[in-house]
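Structures incoming, each one as structure tokens.
Here come two complexes built around chain A, the first alongside chain B, the second alongside chain C.
Let's turn to the complex of A and B:
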């Protein structure tokens, strides 16, 4: 029972972490390797706003999300736009920016365990005799709301449909007057904001540490690879598989095997079925 | 109305004259051909002598050569074979631990244990990467990125080879001249050997695989075997660098699987310009001293380094060597259209 409940919570953590990454890659084919850095960035910005500017939680959260989106836009406009299409360069440039961002915070002295974000509501609730605190329930709730919101956004609004159009067939979408740069900027902003949202939900469970940036990137990559790059349903399914796998490993083996299992899952997926659960890159299946 | 202009690039006369080997008729043409090569070979060979009074920079030279080897391996795999391999640190780690084991348990001296470790390490890496060979593009990149991470975690979890402490007391070189010239000469030999390999028959097949693997297979060539060979050569370079590093530091540990050994060679290749192996070496020669100079910035070093890297990628995406060789071989002028 414990495994079931904490497995679900853990899966939603992974969904929150990975969804921004898969959104950007799925719509605009941009590998945003600064994803983990934006995650940490949002956490620290929220902390600064609450403790230095004395803002209450809600405005601080909203403002830091806006900052995260802004960083995404800036990265796209000043860097990615110029090197779009050069795969290796995109990865190196975004990774370098991410490292620069994370290490700046380390240099500014943001390390140690003194930096925490408050939980939305203190307290513990018992579900089938398993204690679960409210924050973990919030993670699940926010994850569900986010999935629904993104689904509704891409289904029913004009801009959301433009995003999907670009994702399905870039040339045809451009012929219909959808601006590829505009949608890519939007995707980067959205993806970064989602990464920030994950940070606001997950950091209250522990403290804000810079190393989280690197781990987050690996987890996001793992979920996206296993689920099939760019496939949203695949991402959700993979998050559940990996989420439960991690909880089971921690329960029956030891904590430091968690990363081994995650990495092994990536390797196994790539060898057995490179395009992931629901990947659309069928040409990758073609073995040579 | 303002006339539009465009830039035209034309090969220099001397390049055309010196293209055919029989046409060399003057010292000027011979110099034109030899000077860039001589600059590299002579420069690298003279460097240990010139840096004799700066022991610190001698060490930097060694690091340059290590990264030059790794960048060559990356460039060879990425631009000749078409496999983007982010597993540089995997090669380094395997080579390092291999040399450490050979030295500690078989008591081999560094000059023997390094080539042996490179050989066995390359075989080991090739064997482990064999199942991933059908993968292409980003997928191969990510899986090779996972290998060193995986090795670190496994060594940590099972406490293999001294666990997190690593293996200490590995024999050093003793003589600093042997230490330096061994690596510098090896780097040059590997550079020109790989360049030669890429124009031999095997090299042609390898480049054919990069362009169109299906048609190479249709010609009755076993492409998995060829790819495995290419991986073997590249991982040989990587393991050589790792084994050497283990003997210089007299220590082999988990930090040999560090991400630096995967990322910096790629950065060097991108900055220097891929596709010629020389560019990779040039990138290493530029980037490693840069990161040493940046030590003045203290903890901000990585930040400044990443920013410089990003700027170079955005502004000079083609790579420095391609830019320089264009300037060397061609002249440019504006023409009206």
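Let's turn to the complex of A and C:
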């Protein structure tokens, strides 16, 4: 029972972490390796706003999300736009930005375990005799809301549909008047804000540490690769598989094997089905 | 309405379009005929601006160098440097070769994505209109576009292009791989669209026979060059053309 409940919670953690990455890659073919750095960045920005500027939680959270989105926009407008289409360069550039961002925080003295974000609400409930704190329930709730919101956005809004279009066939979308730079900027902003949202939900469970930036990126990559990079349903499914796998590992082996299992999952995926669960073929098969 | 002059396109050293000039007037249907590799699709890409996107992407990858020359004016405005989505906003909408529908989206969603630039009202009206000229689509609205047959895909693709509210519709090989029955349906629809929507249409095809009855003017291309042009009847009467493009 414990495994079931914590497995679900852990899966939603992974969904929160990975969804932003998958969204950006799925819609704009941009591998945002600064994803983990934006995660940490949002955490520290929120911390600074709350402790140095004395803002209450909600405005600080919203502002830090806006900052995360802004970082995404800046990364696209000033760097990715120029090298778009060269995947290797995109990876190197975004990873470099990520490392620079993370290490800047370390250099500024943001290290150790003294930086924490508050939980939204203190307290514990018992679900089938398993204690679950409110924050972990919030993770699940926010995860669900986020999935629903993204789904509704792409289904029912003009801009969301433009993202769906450009994700499936960039050129065909262009011919219909959709600006690929606009959608890519938007995707980066959204993806970064989602990474920030994950940070705001997950950091209260521990403390803000710079190393989380690297771990988050690896987890996000693992989920995306197992699920089929860029596939949304694949990401959710993979998050559940890996989420439960991690919890089982932690329960029966030891906490530090969590990363081993995650990386093993990447390797297994690459050997067995390199495109992941729902890796997509973008070409529309010609039918005559 | 659209005037293209001296269009030249090189892929590296390969000349794909050689000094093509083309006119398309208000509410006209213009045909462009030619065999495979005659440059029809390149011409369409050049008119719609996709070639510029190709050029940028190839340059990024260090691939082929694409050179584009010539002038295109649309409604009195020089557009040859304009990127494709901006040309689409002016009203030049390309319905590309092989349809290129969004395969995972339903037909309905394809149409709605097509309506990106349209107002709510235009979008509703055009949707009704598309279903009116292509009644079979009605039943297929919820089906993913990847699961449609070739003819159904072509109807959906033309519908999607119409949703973008074109003033000049570019149809690149709309009959490719269609049965004669579907060819008939599509050509009939093209004619009706021109009459109802008062738009101009440029249509390319390898085989001119099914298209020639509806065109006002036609160009024939060979190896990237324009070899002949004239009204549909003039081309029909020309023995060389007849042998090459109509099948005797």
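Here, the second predicted complex is superposed on the first by the 280 of 288 C-alpha atoms of A that agree within 3 Å, B and C clash if a C-alpha of one lies under 4 Å from a C-alpha of the other, contacts with A are read in each partner's own complex, and residues count from 1 in each chain.
FYI, contacts are C-beta pairs under 8 Å (C-beta built on N, C-alpha and C of every residue); 3 or more make two chains touch, one makes a residue touch a chain.
All of these numbers come straight from a predicted model, not from anything done at the bench.
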Classify the contacts of A:1 with the two partner chains as first (chain B alone), second (chain C alone), both, or neither. neither
Tell me which partner A:165 touches in the superposition: chain B (first), chain C (second), both or neither. second
With the two complexes superposed on chain A, say which partner A:103 touches: chain B (first), chain C (second), both, or neither. first
Who does A:58 touch here: chain B (first), chain C (second), both, or neither? neither
After superposing on the shared chain, does chain C or chain B touch more chain A residues? B
Between chain B (first) and chain C (second), which does A:83 come into contact with in this model arrangement: first, second, both, or neither? both
With the two complexes superposed on chain A, say which partner A:177 touches: chain B (first), chain C (second), both, or neither. second
Looking at the overlay, what does A:225 touch: chain B (first), chain C (second), both, or neither? first
After the superposition on A, what does A:95 contact: first (chain B), second (chain C), both or neither? first
Where on chain A do chain B and chain C both make contact? 83, 86, 284, 287-288
With touch defined as at the start, can you tell me which chain B residues reach chain A in the complex? 78, 84, 131-132, 134-139, 141-143, 146-147, 149-150, 153-154, 156-157, 213-214, 217, 223, 263, 266-267, 270, 298-300, 302-303, 306-307, 309-310, 313-314, 317
Inside the complex, what are the residues of chain C that reach chain A? 48, 50, 53, 57, 60-61, 83-85, 88-89, 93-96, 98-105, 109, 112-117, 145-146, 148-150, 153, 160-161, 163-164, 177
How about chain A: which of its residues touch chain B in the complex? 31, 78-79, 82-83, 86-89, 91-93, 95-97, 99-100, 103-104, 106-107, 218, 221, 225, 229, 254, 256-257, 259-260, 263-264, 266-267, 270-271, 274, 284, 287-288
Where on chain A is chain C touching in the complex? 83-86, 158, 161-162, 164-165, 168-169, 171-180, 280, 284-288
